[in-house]
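Next, two complexes with subunit A in common: one pairs it with subunit B, the other with subunit C.
Right after this comes the complex of A and B.
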């Protein structure tokens, strides 16, 4: 999947959990979910579940723990998609 | 010297009205909120009717963020947050902004069980080996204190935030706990109330006990018949009630509108002795609770203008009337006017006490005693004790000074509160 499309999809997934809309406007690979988007840490698990549903993948616990930034999340998604 | 405590805000989500104005109008007009529930018929319930608050999903936008509404399957949480936040706003109180929480404000908001639909979903997923798919809100929607936690967070309370649970006494007990907390000087303002989920998983156990009426599935509005000769069981209900309870000095200092004063009350248990059991009251304890409330309020029994009873429409109603009559030593035409909200809402279980405390305060504030519906012919055992004129069938518009409210619950627990018109 093209990275730009992946980024667009990820942005749509995290959007409902974002508490800092400015951070969402400026979303890029370096964006940190907690620091820049002010997503409640408890909601990170919901983001991961929504990613699973969107891409038809299963994210193991280790991968889920890494999904704190856009960059890391895209890496996880690409790896899981490749392994499908 | 105990601090004086007053009520300055009300909120309610009831089967016959989803806000205070609607509810007040409904109880004055005798509007029943009981309806046929198709899900109950499909599930082979004997009693296929219930009291259910009705509102559109979009109504929740006024109370919950979009993220809070994702996967929200806890009707009791919805009712409780709506009623609680309505009461807070009604009292003219603000929520905490950034910085310190409101150290002098707390929440005591009870429930019997919370988030049964969410719990059902979780059980299916867990049994299916998919625990990892539960998401982040299974805990907060199903923990009993989810309701006080939501309210405490939305308001920003820094005082005691907790959930009590004592079956059908829960709501009245919550109000009394808040009163005591303020009387001791531990807080200035408490949001007190209770909530109860709707749905088959809450009501099913009662249906199984065969204590719900099954003859009114096609005539639901006639089903709830407290004090009536042909009462045949309580109609299950749901909803939430909330009261902002505040020290008089705090209310006066901020220029709040005072709806009523709470001058005393009592909470006790019959110990499941002397005829009391898990499901039946020890009448000696009930009478003791009423008498202790009078002592705590420092009033005589003859000062009571009206009683808002527990009166569920089971065979226990005559016994309740006898307990009031003996505790107050009043009978016949001398007995206070008595009414039951449940004739119009059904028995809202853990929420009943708080919804009925709201009704009691409304009667003092708006100068009426609402009429009982479905009680054209009171039970003969009741008429041996009190005169039929003391069971109003139509709303009477009159000023009252003091109204007693009691609730009784499984586990043989009792609570009685004495409300008084606020006189400067």
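Right after this comes the complex of A and C.
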């Protein structure tokens, strides 16, 4: 999947959980979900579950722990898609 | 086999903020429990003046103690040190249908939606003893196990 499309899809997934709209406007690879978007840890779980549904992948505990930034999340999604 | 007393002992609450008397059913997917609101619960003095009714936040707390905390403890990996468990109530969506007065017993039923990455989300409902629906909604909480 093209990275730009992946980023667009990820942005749509995180949007409902974001508490800092400016952070969402400025979303880029370095965006940190907790610090820049003010998503709480419970909603971070929802992001992971929504990512699983959207991309048809399963996220393991280690991947979940890494998925704190847009960049890390894209890496996890790409790796899981490649392994499918 | 369900050992309600042992499970209650693991709950991180005490009077006046323990709202579970007994766990009556437990499976992989659901839990049920009961609580009788004592006539002298501390909040009846102020909610409301001269007209005691159990506050909705307390009914929600009762549902969370049974449907999230008691249930969550049973879903943790074998050998988890429950005493070091950190828990947080993370979301509540609740509708209320019927008041609960001092001295009434309520039944709470909770069904697991998911328990992933330390987050438990359940459909919960509360009933009076004659099965009248009191409240219904969705609750979630996070469980964090301290690693030494």
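Just so we're on the same page, the second predicted complex is superposed on the first by the 84 of 84 C-alpha atoms of A that agree within 3 Å, B and C clash if a C-alpha of one lies under 4 Å from a C-alpha of the other, contacts with A are read in each partner's own complex, and residues count from 1 in each chain.
Operating definition for what follows: a contact is a pair of C-beta atoms (placed from the backbone, for glycine too) under 8 Å apart; a residue touches a chain by one contact, two chains touch by 3 or more.
Everything quoted here is computed from the prediction, not taken from an experiment.
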| item | value |
| --- | --- |
| Partner chain in contact with A:70 - subunit B first, subunit C second, else both or neither | neither |
| Contacts of A:42 with subunit B and subunit C, given as first, second, both or neither | both |
| Which superposed partner A:17 touches (first subunit B, second subunit C, both, neither) | first |
| Doubly contacted residues of subunit A, that is, touched by subunit B and again by subunit C | 42, 45-46, 49, 61 |
| In the complex with subunit A, residue positions of subunit B that touch it | 66-67, 70, 132-133, 135-137 |
| Subunit A - residues contacting subunit C, complex | 40-42, 45-46, 48-49, 61, 64 |
| Parts of subunit A lying in touch with subunit B, wherever the complex brings them together | 16-17, 42-43, 45-46, 49, 61 |
| Contact set on subunit C toward subunit A in their complex | 88, 90-91, 114, 116-119, 140-142 |
